[in-house]
Each structure stands twice: as structure tokens, then as C-alpha cells.
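Going by the order they are written in, the chains are A, B, C and D; count residues from 1 in each one.
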Amino acid sequence: MSMHTNEVLPTLPEWEVSDWLNTPSPITLASLRGRVVLLHTFQMLCPGCVTYALPQTERVRKAFPESDLAVVGLHTVFEHHAVMTVEALRAFIHEYRWSFPIGVDQPDGRGGPSRSMARYGLRGTPSHLVLDRDGRVRLQHFGRIDDLVLGAILGGLVQGGRRDSGHGEGNSVVAEGGPGCTSSACSID
Amino acid sequence: MSMHTNEVLPTLPEWEVSDWLNTPSPITLASLRGRVVLLHTFQMLCPGCVTYALPQTERVRKAFPESDLAVVGLHTVFEHHAVMTVEALRAFIHEYRWSFPIGVDQPDGRGGPSRSMARYGLRGTPSHLVLDRDGRVRLQHFGRIDDLVLGAILGGLVQGGRRDSGHGEGNSVVAEGGPGCTSSACSID
Amino acid sequence: MSMHTNEVLPTLPEWEVSDWLNTPSPITLASLRGRVVLLHTFQMLCPGCVTYALPQTERVRKAFPESDLAVVGLHTVFEHHAVMTVEALRAFIHEYRWSFPIGVDQPDGRGGPSRSMARYGLRGTPSHLVLDRDGRVRLQHFGRIDDLVLGAILGGLVQGGRRDSGHGEGNSVVAEGGPGCTSSACSID
Amino acid sequence: MSMHTNEVLPTLPEWEVSDWLNTPSPITLASLRGRVVLLHTFQMLCPGCVTYALPQTERVRKAFPESDLAVVGLHTVFEHHAVMTVEALRAFIHEYRWSFPIGVDQPDGRGGPSRSMARYGLRGTPSHLVLDRDGRVRLQHFGRIDDLVLGAILGGLVQGGRRDSGHGEGNSVVAEGGPGCTSSACSID
């Protein structure tokens, strides 16, 4: 996990996207300025992406308000190009019901890693990029990242610069029911 | 989940603890001022505490530096007093290897909820209280809380008031290995 | 995992139980002859027992009919005797809602492993013993055992000697709903 | 879950497979006579198949000896035909490392359910068919099925007709280490 903590941080250059799914119109990085951004890069035939990273990204989408955090997926193909087509991706998104906007990273035309993937220097999929409200790269992480850690990074950036504002909009489940114990909690009589 | 977002927040009164485990000396709330605090209240025979809440608290301990976040457990007994004794708690902590300091909330002497539990108005176990660096209650939550949501709250408070400082010390696992896919990630050749 | 496949198998000697919980009357091993038996030995402060082995035993109880399979728990204490009392066990069973009969293995009176535990040569907790319909020990396993493997052993013994009889009474969940995919299945239109 | 327990059970007709993957030569149902068979039918873009059913099938492969149980996958496409091609399936199998033989069910050529799927009357994916050693259908199940239940059915058929033979070849993990508790077990000193 590469963390940037110094004052001068790189700003992520614009992505090159050929097609957008799950959004009525194309999304530019510039248009997201002012919000924290989670950019999730994946391939539809990458087991780690399907098994844990895409579900985590979906949970992030539900845990933070859209006004604070933009969640964007980027399909960054670097292998099996012939079968990970836009049409296949569309079917994949439909069946798994991913809800966030997903861009198709522009192929390089020579069977290598797609263009934004190469430009951003990603090592593979899944990769997670987190940008602060000024578009600076605060996290670039390849592979699995823990929910607590990702939550802390995103929560920290959402709250950064605000001393007294609150938190919330979480989807936590509050224990319910009468006295006694359930599998989730024990209530006082 | 009760969130406090207004300017005037209650400060948690001191706990009343009869015994401390996992710490060389007693801990006062006052001594934690300046750090964010996660106070985890539980009972050793509460299934939800044992199954998910205590393991989550242990993960929180590992995900944040001690200099930023204090994690404290409080054994708040309100039932089965005769068997959830200090001696039993000590065996429980030993076998489960909980690593954070745990205080035994002072019994009320009449078989009801223990004293701090009553004073804090907790509904049962597990309950999670999060205090900011000034000791104000930012979260009081009964029952299960999602890792992403808890991480965001803690990360937000740790970062609150800092615009450019970074994050980190996370225990994320970075994908490793050569080209190809593992169950966690796919690497470029 | 110790498997016995030869013709001459040991028959488990009777247990020595001081107290029975979750059953209206004491249970003898002899009374279970004719049914397959899963004997689950545990301690209430053993993390592996609480986290996976007792829940697994509860699932076994629900997956097989009582007429074919008897499930019995045995509280085999070999440490922390002072706090793993019958009274504590009773509270533990109540809070976790274990549904099968549980016997308290007779203490040896000298702080060592309880009597049946010693007689059976168990190495610790959790341990799983499986007896066939004739009371012969078919499995004696210390530690975690996979659901598929345990299911196969129990299913094999329940079916042993029957060529054409069926299976069933399983608690499997059948996919429901109209055409399209859910998280569990995809239906034809 | 449809269980057949009467004496006269249907025998599954041969599948119609256009291509075989993960096997040096085509497999006929007839050639499996004498072994119990788990036929797992799936689609590569079916979330329930990818998330739990294919991993379960892989675990079944490892839990039973090949001489007793044949595990065969069948790619039964009934939607998104244009993108769930043989080439795409090959990439999917490669990345997920499924180890058992997988046949491509013959398309009907009109965009409907593939031929064997229609012949077998399957409702969707995942579907599990279990055949006894005589090729008779003992289980036909659509959707999720519990490991214990599936294990019991397979174990019962593997053992059916044998009274004294044992079990084994399981991949259970035996607790290790010295005295004291780990997350999986507690050992006697």
C-alpha cells in the first residue's frame, strides 16, 4: 500500500474511457473535484475482483453519501481481451447488479494493459485509488484491502478539514427485539 | 446508531471500574484525552460480543496506531452475575487472547446493570462508544456495526482538523506473486 | 483424523456424566444403540468450540432426522475448572441457544481432564466422535472438521447397509423467484 | 430439492456436449457407471455459481476419492449466449483454476436453454444432480445446497450397500500445537 502523506501529492491525470455503463453520461475526473473519489479498477474475469473487491466497492457505495464520495469503476483489461468485451462486461454488470458507474478503459490496441491502467502504473487487478477533494492521489493499492482500513482512509478524507462536523449515513444494523440475547446482541430487560 | 453532529456534545463521565485486566495500571478516561477512543462494552457470555464484536474490536486495535486511537474494553454485566466473575473473565481473555485493556465495570450490588453501563444509558451488549480527542461522545451504538462504517467514523475523527496529513499504518494485504491470477488478485506479466 | 475401517472396531464405553442439560432425563450410550451418534466434546471457554464446532454441531442436528442420528454434547473440562461450572454452562447454553442434550463430564476431582475425556483418550477440545448403529467408534477427530467431510461420514453411516433407501430431510435452500439472477441462482424465464 | 426414494428411479440420459475442458478426452455418462456422480451445471456469469456453487463443487472434488465419486461440470447456457462462449469459458476456468472436467452443453441454436439442460428439465443455474452407482438420479436440486446436506447425500451413496467399510480421505484439519488454546482448538498439556 503506497501512502502519500507529504504536502506535494500527484494529481491523477484524466482516464481514457471508450464506453460508460451504469451512468447516463460520461464522467470526467475533473467533474468529481470537490468530492473524495474511490476509483476501483478491475477485470470481470479476475477472481479476487469478483469475490471480494467488487462487493466491497458496492458496500462502500452504500456506506458513504454520494455528495461526499464518488465511486467509479474502471474495467482495465490486460489479458483475455477477446472475451472481456464491452458486451460481456454489460452482461456481467447486469447479472451481478453492480450499481456504480463503470468505464471501459481504452484498449491499447496491441493486446497489452489498457491505457489508463498503463498511465497510472497499476500492477494488476484489483487496484484501488483514493483521491482527496482536490484530486490528489492519497492511496494506490493493489490487491485486497481491509474494510476497516479502507473505511478509515475514506472517512479521514471525507472529514479532513472539518473539525466539528459529524458522521453518519452508515448502514449499520442496530440490535432490536426485547430482553435476552439474539445472535447479534443481548438487551437489558 | 445515535450520531451527534451539533456543536455542543456531551462529554462521557468517568467509568467506575473495579478491576483492570490486560494493562499494568488502571486507565482513566481523563488520561486518554487527546486521542480518539473506542470504548467497547461487552459481556463474556453474550454471543454477539464473542462472535463478531470482540474480534472486530481486536481488528480495530491493529488497524490504527495507539498514538491516535485508544481501544478500551468494559465488561458490563447485567445478567448471570454469579458466573461472569472477574476470575471467569480472566480465563476468557486468556483463551481468546484479547490484547486491549479491559476494565470490569463496577457491579451495582443489586443484580442489575453495572454502574457505568447504567450511567451511560447503554441498552445492552455489545455497545460501542466513540469519543473524539476532546472526550465528546461521537457515536453510541448498540449491536452490530459494519467495519466500513466504524472505520469511517474512527478515520474521520483521527483525521478531523487535519487537512493535509495522511493515513496509514493499515494492515492491508498487498497482492504478491508473479504474473497470472491468484484468489486475491491478477498481476500483469 | 483417526478412521477405523477394519472389521473389529472398539465400542465406546459409557460416559460418566454428573449433570444433564437440555434433556428431561439422563441419556446412556446404550440407549442410543441402533442410531448413529455424533458425540461432540467441548469446553465453554474454548474459542474453536464456540466459534465453529458448536455451531456446526447445531447444524448437524438440523440436517439429519433424530430417528437416524443422535447428537449429544459433552462438557469435558480440563482447565479453568473453577469458572467452567455447571451453573456457568447453564448460562452459556441458555444464551447461545444450543438445542441438543449436553452432559457434564464427571470431574476427576484433582483438576485434570474429566473422566470420560480421559477414558476416551481425547487430546483436547473440540473433539468429535462418531459411532455407528452398533456403537462402534467410526471417527475420533480432534480440532476442526469440514462440513462436507463430516456430512459424508454421517450420511455414509446412516445409509450403511441400505441399498435403495433415499436421503433427505435436508435443510437446503432452493432458489426462488422469477426469471433472472439473484445472488443465489439464475432462473430460466 | 427433489429426492427420489422409491425403487424405480429414472436413469439420467446421456448429455450432449460440444466441447470438453479440463479433461484429455470426452466423458460419457455411461463410462461413469459404477461410481457415484455429482453433475454440477452452471453458467460462468451466474453470480451464485461463481460465489458459492463452483467453490463447493471444487471442495467436493477434494473431499472424496475419484474412485468413488466422479465430479463433472456442465456449462448450461440459457442467456447471454454471445458472450458465454467456449473461449470465454476457457479463460474463466483458467483464472479460477477449477480442476474438474467441464463439458459445454450443446446450444439449441435458437438462443434458448442448452440441450441437456432442457432434456434434464433444469430450472436454472446452479443445479446439482447426484447419480448413484447405477446411474439413477438420487438428487436434482436447483440453487444453494448446504455442505452438510450434500456431504450426507454423497457419503450415503458412496457407502450404500456396504455395511462395514469405512470412510476417509477427508481433508479435515487436525488441531496441532502444544498445550493451550488456538483459534481452532484447546489441547491438554
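Keep in mind that, in the parts below, a contact is a pair of C-beta atoms (placed from the backbone, for glycine too) under 8 Å apart; a residue touches a chain by one contact, two chains touch by 3 or more.
All values reported here derive from a predicted model rather than from experimental measurement.
Among the remaining chains, those touching chain A and also chain B are C, D. Chain centres here are C-alpha means, and the one lying farthest from chain D is B.
Between B-D and B-C, more C-beta contact pairs are found at B-C. For the pair chain C and chain D, the distance between mean C-alpha positions equals 27 Å. Here the CA centre of chain B is 44 Å from the CA centre of chain D. Between chain B and chain C the centroid-to-centroid distance comes to 34 Å (mean Cα coordinates, whole Å).
For chain C, the set of residues that touch two or more other chains comprises 46-47, 51, 95, 181, 186.
Interface residues of chain C, counted against chain B in their complex, comprise 45-47, 50-51, 80, 82-85, 87-88, 91-92, 95-96.
Taken in their complex, chain A has these residues touching chain C: 95-96, 181, 186. Looking at the complex, you find that chain C touches chain D at residues 1, 3-7, 43, 46-49, 51-52, 56, 59-60, 63-64, 78-79, 113, 122-126, 138-139, 141-168, 170-176, 181-188.
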